[in-house]
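Chain nomenclature is as follows: A, B, C and D, assigned in order of appearance, with residue numbering initiated at 1 for each chain independently.
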């Protein structure tokens, strides 16, 4: 079974997710600059989620790039990942509209933690299908970075009740951690 | 005629259908957890439809994977399937917003029954184009599973007027039946 | 220059156009069947436009299928076609929301007439790029069917002011005329 | 690493951006022609942005067409470009809804200037990856046209406070400048 359509479908869903988030930026009826001020938190949450979805697309691209085979299990692991990502526009908008208050910030992290777990499951499914000695298995290894991300998201949960800004700082930390593309895979490819 | 664009167009339409449904989750203006409670039925109907659309994409992917040729008849059979799938966001939202009340639940099943019939027609068109002794004909056979799904949807219709939950349970049953990817096709491919 | 991305971009835009139209079917807050009655004209206009956009995709698929080359002129002729198609969700919704009243029905046809002209220009650009003795030139010929469609749309314009239903009947006639896929191209391909 | 998915993802995002802008054309509840009059500025801003996004897609298509390699840096430079383009539907709607008043017109240009800078960065990343003596480097050269566009957008900013129409005329000038597809690249390809 070829991976082409899995990539195309994922590209489509991720492209829509990353783009419809901008619809939350409600167009102000006034034409002065101050009309944009209430949109600042919504814009900031949009930027954070745009980067996060961009990271997922980037890593998905890298990961699928070095595997040869996909099967039914991989297709469902992929749809499972897309499900959690599809909730990001909702949590982003909820967080932005409520000015980064406690619960929306906490739930934002919970959905990203589930997406992280789903990504981990997808990586494991791909390794199971392509073999423990495949290029992907070598490149991903024990996937410490992915697991660490999920741990940070879970750590951010209680912190959101102390200060939503600490939780947000942790989300930015995870994003920064991933903004560097997955060198492990590029390195493996070069060898 | 190559099947590449039929796949790409279907991927695009299905990706949009599966993603725009999340727009029905209206973002609450309050930031506490209780603001999410009214969204629970909408979320549950979203999950059910996400899985159903995922199943259609998955089976569509498997089916197109083992055919060689498409023609004008197949293109229209495919657009006909996409039409019924395009109504799923509407029926999903209607069912969720009305807390799984009788008529929305019944109509939800009717649209899925039509989608099932459209999928059956698409399979027959593909077999007609690719030959009765093609790999697809062998893999799909008399398509008992597809026909059984349509029958269950039709059985669910009167039950929706007894209890909407029985009808929903039947919808979940059909989804569960299909969550296992179409092993017949994977088996045929392996041979 | 390869035609792959022109096809992919067109597939994306057409997939979105055909799918976002369903968002006009506003979800009723009541759960009884009568709540669907006000949606009937919107649904009918949706069906008509779904078929029309489906026809454009189908013909676009056929036409691009038999050409080899695209250049900058073709890219812009294609974007020009997509522009007019992108207005169809608006005219469809206007027509449906106003219960097929005169002006919306008239403007619906005007936009389709412009789309027809844009399709004609695209066909001419492709023939100019691929040569007067190319397979496309032979298949399309003088494109009587395309020109006839535009003429019928223009004839429908004054009729919309007599009776909107005559105009709509003419729109259905054009759609029926095209529902048969472009046999000329399939015939040429077979030779 | 292949460029196929970068093109597919960009096509998806750009297709959505160019299409969702039409959703800003709110469907009038009245069915007479005068109901369209308030939509005229929104329509004009839509046309301008449709052309601008079309130009970006066109140039993106040309540029990716002549490169061989992409890497992590290019992926992020591309996502950065898509981010600024994703803000265009918002600035377009703001400008249209406020009848081309000063601030919306100014901000519209600012976002396009950032998109221009992002495009420049993407071109530099592609040249860095593909080599200073690659076909792209020869075709793009010092990219005077791209830099000139950004300069004109910046010049338009103060002019928006004199007259929004001067600023708009400058935006139209930039679009006209680019409507001719990038002959440099087509020329390089032919050699």
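As a working rule, a residue touches a chain if its C-beta (ideal position, glycine included) is under 8 Å from a C-beta of that chain, and two chains touch if they have at least 3 such contacts.
As the structure is a computational prediction, the values presented were derived from the model and not from experiment.
Participant: Do the two copies chain B and chain C share over half of their interface residue numbers, or under half; same or different?
Facilitator: Homomeric contact, different residues on each side for the most part.
Participant: Fit chain A to chain B on CA atoms, both being copies of the same sequence, and give the resulting rotation angle in degrees, nearest 5.
Facilitator: Superposing the C-alpha atoms of chain A on chain B needs a rotation of 90 degrees.
Participant: Roughly how far is chain C from chain D, going centre to centre by Cα mean, in whole Å?
Facilitator: Computed value for the inter-centroid distance: 26 Å.
Participant: Would you mind pulling out the distance in Å between where the CA atoms of chain B average out and where those of chain D do?
Facilitator: 37
Participant: Touching at least two other chains at once: which residues of chain C meet that condition?
Facilitator: Residues 8, 12, 15-16, 20, 23 of chain C touch two or more partner chains.
Participant: Residues of chain B touching chain A in their complex?
Facilitator: Answer in residue numbers: 7-8, 11-12, 14-16, 18-20, 22-23, 25, 27-33, 36, 47, 50, 54, 57-58, 61-62, 64-65, 179-183, 186, 189.
Participant: Sort out for me which residues of chain B touch chain C in the complex.
Facilitator: Answer in residue numbers: 1-2, 5-6, 8-9, 12-13, 15-17, 20, 23-24, 71-73, 75-76, 79, 82-83, 86-87, 89-90, 93-94, 97-99, 101-104, 107.
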